[in-house]
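Below, chain A partners chain B and then partners chain C, in two separate complexes.
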Partner chain A sequence: MPQKDISVTRQGRSLAEQEHLRPQKNHIRPAVDIFETEQDLVLVADMPGVDKERLDINLERGILTLKGEIEASNHREPLFREFSLGGSYYRQFELSDVFDSNKTSAEFKNGVLTLTLAKSEAAKPRHIEIQH
Partner chain B sequence: MANWDILQEMESLRREIDDVFRGFGTARLLGPTFLPRLSGREYPHINLSEDENNLYVEALVPGIEPQNIDLNVMKGSLTISGERQESESSGRTWHRRERGGGTFLRSIELPIAVNSERVEAQCKNGILTVTLPKAEGAKPKKITVKID
Partner chain C sequence: MELRELIPWKRKTPYESRNENLLDSLQHEMTRVFDRFTHGFGQGELSKREEWWGSSFPAMDLAETDNEILVTAELPGIDEKDLDISLRGNNLIIRGEKKAEHEEKGEHYYHKESSYGSFHRAVPLPMEIDEDKIEATYKKGILKIKLPKSAEAQKNRTKIAIH
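What follows is the complex of A and B.
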């Protein structure tokens, strides 16, 4: 099993962008799965209602920001409501700077975002052979 | 007080109390989108709306292939069931695991009669929209009052 060698926390650096300082009112924190394999760090987020074009993923100075605007709902007469259609998703993570930004891939399917960040060579676990 | 019905009053009181314990309001509207493991009865989350001709049920089903969702209309209720595959966990080091998986089944009682032959469903970006045309007899009729 690979070692946990990347730290994932949720602090933003600039005050205005920090997740916990943003107004709570209209933003939803998407539920995420984050796991590490030998080569990659993979983040999976539930973001139903977002169109691919309105999804904004940003990795800057070690801060990963997920943003997604939910398509405005149509104007039907609501009878019963359990989730809001409107507003946006917003969530941040702080990652240590050990990714190869050229090898990042994102996929969005059925309202689920899968983000694969390749570890840079320096961050990969290395086997050292013992010479006889 | 037209048609005051004790059973209906009790039902609405029960629902109000349930909502309090569930954290109805913004907490619920902004809550997790899919966690059937914890309470299969409440997932998927739904919105019910209507216009002149149709009832609409929208359900949050992120990460579920449309062919894995079962819809049934029977006797004035709509049942949504299916399963969300859980991701494999071996060989991985987990940092966070918030997304639920598993099977779900939810029945929604429809407030008016629908034409079950013409129900349509569409899945887009993890939101399932079911369009249920209202039965002819259930549509509101406009009556104009003539003034002599």
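What follows is the complex of A and C.
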């Protein structure tokens, strides 16, 4: 019953809440865009400072986890700081089961991850022709 | 399960959480509208800051060593050719455009957190720079600029002895 495992979690909190309640220190929530096309669901995540090799995308029991370690900063004494390199990205999403997990593709370019999740055949929109 | 359920968590915005008191929320909304209005005319708090720093995008980190100023900017998803870096007087100016690569017809957004479009930011530098030796790299969505201090600027640093 994988679905049950997802919704009934520790302390009765949902997965989304748990993610939100993770200690903020060193965990950065990447900004994400999610949109749907006819064939796929596309997730675009901003993860600047991550090496492709240090990016970990995991889809398990309907839960998509994005993790990425950010290169460390060598700036010891900043003059001015609005962000700092180092730490890691972390974010989870609960997916419905309409995706074909074998047809997932990921691209990482200029610090942006583009994840394409193919819809399963049953979930694709179907046009029904009217017979004359 | 609906696709919509992918959106894991909707946080209350500060505005929404104020909704308990209608009058408060109305006042808040009015203040917000007026703030936005005045910002556009260079009187708001934000634009005062912008005179110096431009907008607050991209986020930056500035550091100094004995010989150089190091600027790091967080700029995910930008084509190198859409980046323009220049030095005007004592200001480092970063301009660019973030283009959405995935503009397809018929797409439907469920969630949108990143923004696209052009940006411009000026960083006042605290000393003279050797303009010919500036180096910039853009990798993994991070822009790094090394600005070597001019010989003069390096010389001008005097240690003051305490008697």
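Everything below uses one rule, namely that the second predicted complex is superposed on the first by the 110 of 132 C-alpha atoms of A that agree within 3 Å, B and C clash if a C-alpha of one lies under 4 Å from a C-alpha of the other, contacts with A are read in each partner's own complex, and residues count from 1 in each chain.
In this text, a residue touches a chain if its C-beta (ideal position, glycine included) is under 8 Å from a C-beta of that chain, and two chains touch if they have at least 3 such contacts.
Since the model is a prediction, treat every value here as computed from it, not as a measurement.
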{"item": "Chain A as common anchor, with chain B and chain C clashing or fitting", "value": "clash"}
{"item": "Which of chain B and chain C A:Asp56 touches, first, second, both or neither", "value": "neither"}
{"item": "Which superposed partner A:Ile28 touches (first chain B, second chain C, both, neither)", "value": "first"}
{"item": "Chain B versus chain C as contact partner of A:Thr37, first or second or both or neither", "value": "both"}
{"item": "Chain B versus chain C as contact partner of A:Glu69, first or second or both or neither", "value": "neither"}
{"item": "Among 5-13, 23-31 or 95-103 on chain B, the segment whose C-alpha atoms clash with chain C after superposition", "value": "95-103"}
{"item": "Chain B/chain C common contact set on chain A", "value": "31-37, 44, 46-51, 71, 76-85, 109-112"}
{"item": "Interface residues, chain C side, partner chain A - complex", "value": "1-3, 5-9, 11, 56, 59-64, 69-70, 72, 74-79, 101-102, 104, 106-114, 126, 138, 140-142"}
{"item": "Chain C partner contacts - residues on chain A that touch it in the complex", "value": "15-17, 19-20, 31-38, 41-42, 44, 46-51, 71, 73, 75-85, 92-98, 109-112, 114"}
{"item": "Chain B contact footprint on chain A (complex, rising order)", "value": "1-4, 6, 8, 24-25, 27-37, 44, 46-52, 71, 76-85, 109-112"}
{"item": "Touching residues on chain B, where the partner in the complex is chain A", "value": "26, 28-30, 32-35, 45-51, 55-56, 58, 60-66, 87, 91-100, 111, 123, 125-127"}
